[in-house]
Amino acid sequence: MAELVIARVDKIYRSRKGSVHAVKALDLVVKPGEIVALLGSSGCGKTSTLRMIAGFEEVSSGSITLGGKAIHTLPPAARGVAMAFEAYSLYPPLTIGENMSFALKASKLPQAEQDRRVKSMAEMLEIADILNKYPTSVSGGQQQRASLGRALVRDAGLYLLDEPMGQLEPQLRAVLRGRIKHYLREHNCTTILVTHDQTEANALADRIAVMEGGVLQQYATPAELKARPANLFTGAFIGEPPMNVFTADANVSGDQVTFTLEGGAALAYPAAELSAELRGRLARTPKIALGIRPHALRLGGGVVRGKVVACQWLGDQTHVAVDVAGRTVVSVSQERVSRAPGSDVGLSVAARDLHLFDPASGKAIAHGGTLA
Amino acid sequence: MDHTSGLEKILRGAAIALVLVFFLFPIAWIFLMSLQTNETILRIPPSLAFTPIIDNYTALITGQLRTAAGSLQLNFMQNMFNSVMLSVCSVALSLVLGVPAAYAFARFKFRLGEDIAFTLLSFRFAPALLVLLPLSLYFKTLGLTNTYIGLIWVYQLICLPLILWIVRGYFEDISPDIEHAYRIAGNSWWKTFTRISIPLAKPGIAAAGLLAFIFAWNNFIFALILASADKQPVTVGALAFVTASGIQYGQIAAAIIISITPTLALALYAQRYLVEGLSMGAVKG
Amino acid sequence: MSQLAIKSLSKTYGAFKVFDGLNLAAGGGEIVVIFGGSGAGKTILLRLIAGVEEPTAGTIEIAGHDVSDIAPEHRGVGMAFQNFALFPHMNASENIATPLRAAGADESAVSACVAKVAKLLKIDHVLNHSPRELSNGQKQRTALARALAASPKILLLDDPLRNVDAKLRFEMRLELPRLLRQSGATVLYVTQDYKEAMALADRIAVLANGAFVQTASPEDIYTRPATLGVARLFGDPSINTADAVIGTGGGAHVVLGGTRVPLAESYAGFAGREVIFGVRPEAVEIGSTGVEAEVIAVTPLNERTVLLLQNSSGWEFLASLPSAAAGIPEAGSRVRASFAAAGTHIFDRQGGERLHG
């Protein structure tokens, strides 16, 4: 229940083969009780960041403070941080139950209270029936839940969860996500979650820090990341299926704005749907990268036409891939849609669903018709 | 850790130097001995100041050993030839037998398979002397005493288990899917073995062959008992320098230098294979 | 005549029975997805068909001929492996060329064919790279190209997208159907990702506990699952379940947490039956009628939002709503949930089979 402040933190790994700048000038504030996800692909610096907070790595420069106290020079055990490891790291000679209560041994809580906590945690994570088993005799998913339980059962100022749900059984995952989120909220736990899975980040986190190449790309709520990505990387990274991105030329003429996509297809909008500032900007620099989320790309109508490549119904949604002038674009519909492969289809997108980026720097220019 | 201080560097250098001295000193000392006469070797206190001579080497090569007590015939070059002959032939034979066997043990589960593989390995556990007594009796009966064939045969006790167990591990590391893929692509099992399995296990085969060669080369006891002078390798041949008139340290040292040269050269040449072969193991696609 | 037929196929390892009495027929050009969890025996089934392992009992027929005595190299199948199984000592082009060379094609035909299939799979720029220089996606495409190169009549794909990242997997999922159709081969595709199965299959064969539990079109599998097990395997989040008893007083219904949930009248025939009530999360509707529940947590998933709900008797269930929908409740609020008939299934509590209402 403490605020975590990461200020200008760098991590540089030096070796004989040269140095790797794994985390670059990271600034991040996690408010008390907030759940934050560090999201990125492997090598983006998220795990280094987590390890620096936990104390397994030294910061090369900068500071980390938890609840107003600088912790980056303290040994891991003195930082008041609980961690669930990606590789579980359960103690093999202890049972699952002992593993979980082990974390409470130092807490000076009465034994009855310790037992009660372990029991209710085990029930929440659906491992109450295996508390007497040893880690090696249970499945990977169960080990992961035990490792998660061992971290959450403690009283800590900060909870660090490293890929905490990667191995969970698919049938349990959705329910456990809900229960864990509820638990973290109810206990007002300040939590940092490291993951490469954006579904997990979206489901659990209040805010997501998107990292790439050691640099924080954007730090915002899941909804904001989706609606207003700060740059092309975040835009393309967040969202499943990924955003359709085209290079395009904008043409502002009178009461109409037209985007001519690579390959020749054109999207036209009444000028009123785009703000005057944006129109001015487009008139000056018409070259843009245009992003359209698959969910915003509607089938039928529209002047952009293409051929259906694949139409795949997945039970609760339909993915339609359409070949538009040699490029495959993806449209997702929440309903069931049937389109025969090879058939002709029109595509349309509302002005409010357009994302415009600078093609050179990748920085966002506009979202939904207004400047970013 | 990331940072290395100057002191740490110095200490590390000193430690490495110490290890090197420990391992290289005997070789260096023997090399120096090989360039001296018995008199300079044995003087007390020992000294590094001497006039190097090559007499020891010429004696070995020409086969004429002159000592204070007179002249002596040596057949060291014959010993050398025997060593090469025995080591090369026994390693070659055990590769021919061992590689397919290793493949079989790696790929197929058959009745008694593990037991047979273990029995082959257990040849290396038994003290050589224990094996030798019955062997020498058999050899006499079979007429194999003092023949190359007999010696190459018994050298299999050294080479075959080594090759079998190292190469087996190698074959096990090759994903069966890779072989399956090649077969499904339309190739016979033999072609799959020769074009996929063997090339992929090559580092392991090379490493195992080299190790087997070194072990065979260094063997002493088998040849001492089962062969007489004309079939003995250098390891046994060196005994000839223990003469009635004293031990010829200079010649022994020269003989050692000559006899370790081939294995040393081979090891240096194949170092890359050895390291790759014995440490890396897995064949990754 | 079916291009590939499996008849009473069994495989055991010692005392361990992998599967028993499998039957499956696939027509020419059909894409059949073998779907099941890990350890279900999917890969072993493909190996038996390829001929690199032998069945314990039963026969495999290709184009009407029993292939039991035919060596793998003569069965005319192509296979792509989950771990790619590229030959590490050959470059991509040589890898792809192997089946062509083995068939004795002359070099000009080989290089023409390699070039063609490489272009189709967009790996023509990495043909002279060795496998270790290829990215995972390129490896996967090379493996696929090798399987396709000799235009086999039967194509066995063993979870080929398992080891590539989410983005590539998605791209390939859209690309594969066209590619497979073009090849004209009868495809057996193994996966444990239900979305992949639904996206690619003409038919899905669900392998569980050593048998095909259901073999049907994706639509049938999803909307008419044969058993609770099948219903659980398809859908994310997976189907909600609750123990219930079918009542008939005033129309067929079940009672969940004190609230009557009406069922189609056709279930009246099962009155008094102990059942498992199942409802898909996307069929849970939040409104003014139905089961009263508290919203425990709200977890947005991409374009849908999943609610974890709990009713007064402690039954936890999930609702999946489009994120764009109006009025998504907040955590802690109390709501009422009703269940759309299309996503509601009733299963027998003993056997787990779906009761047809």
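Couple of notes before you dig in:
Should a chain be cited, it is by its letter among A, B and C, assigned in written order, with residues numbered from 1 in that chain.
Keep this in mind: contacts are C-beta pairs under 8 Å (C-beta built on N, C-alpha and C of every residue); 3 or more make two chains touch, one makes a residue touch a chain.
Predicted model, so just to flag it, every value in this text is computed and none were measured.
No other pair of chains has as many C-beta pairs in contact as A-C. The chain with its Cα centre farthest from the Cα centre of chain A is B. Separating the CA-averaged centres of chain B and chain C is a span of 56 Å. With centres defined as mean CA coordinates, chain C is found 26 Å away from chain A. Computed centre separation for the pair chain A/chain B is 58 angstrom, with centres defined by C-alpha atoms. Remark: chain C residues 165-167, 170, 173-175, 177-178, 181, 194-195, 198-200, 218-219, 222, 232, 234-238, 280-282, 296-304, 306-308, 316, 318, 320, 322, 331 touch chain A in the complex.
Residue ranges on chain C touching chain B, taken from their complex, read 47, 50-52, 71-75, 77-79, 81, 83-89, 98-99, 102-103, 131-132, 139, 146, 150.
Those residues of chain B lying in contact with chain C across their complex are 175-178, 180-189, 196, 199-200, 283-285. In the complex of the two chains, the chain A residues touching chain C come out as 41, 170-171, 173-175, 177-179, 181-182, 185, 198-199, 202-204, 222-223, 239-242, 295, 309-310, 312-317, 319, 321, 328, 330, 332, 334, 341.
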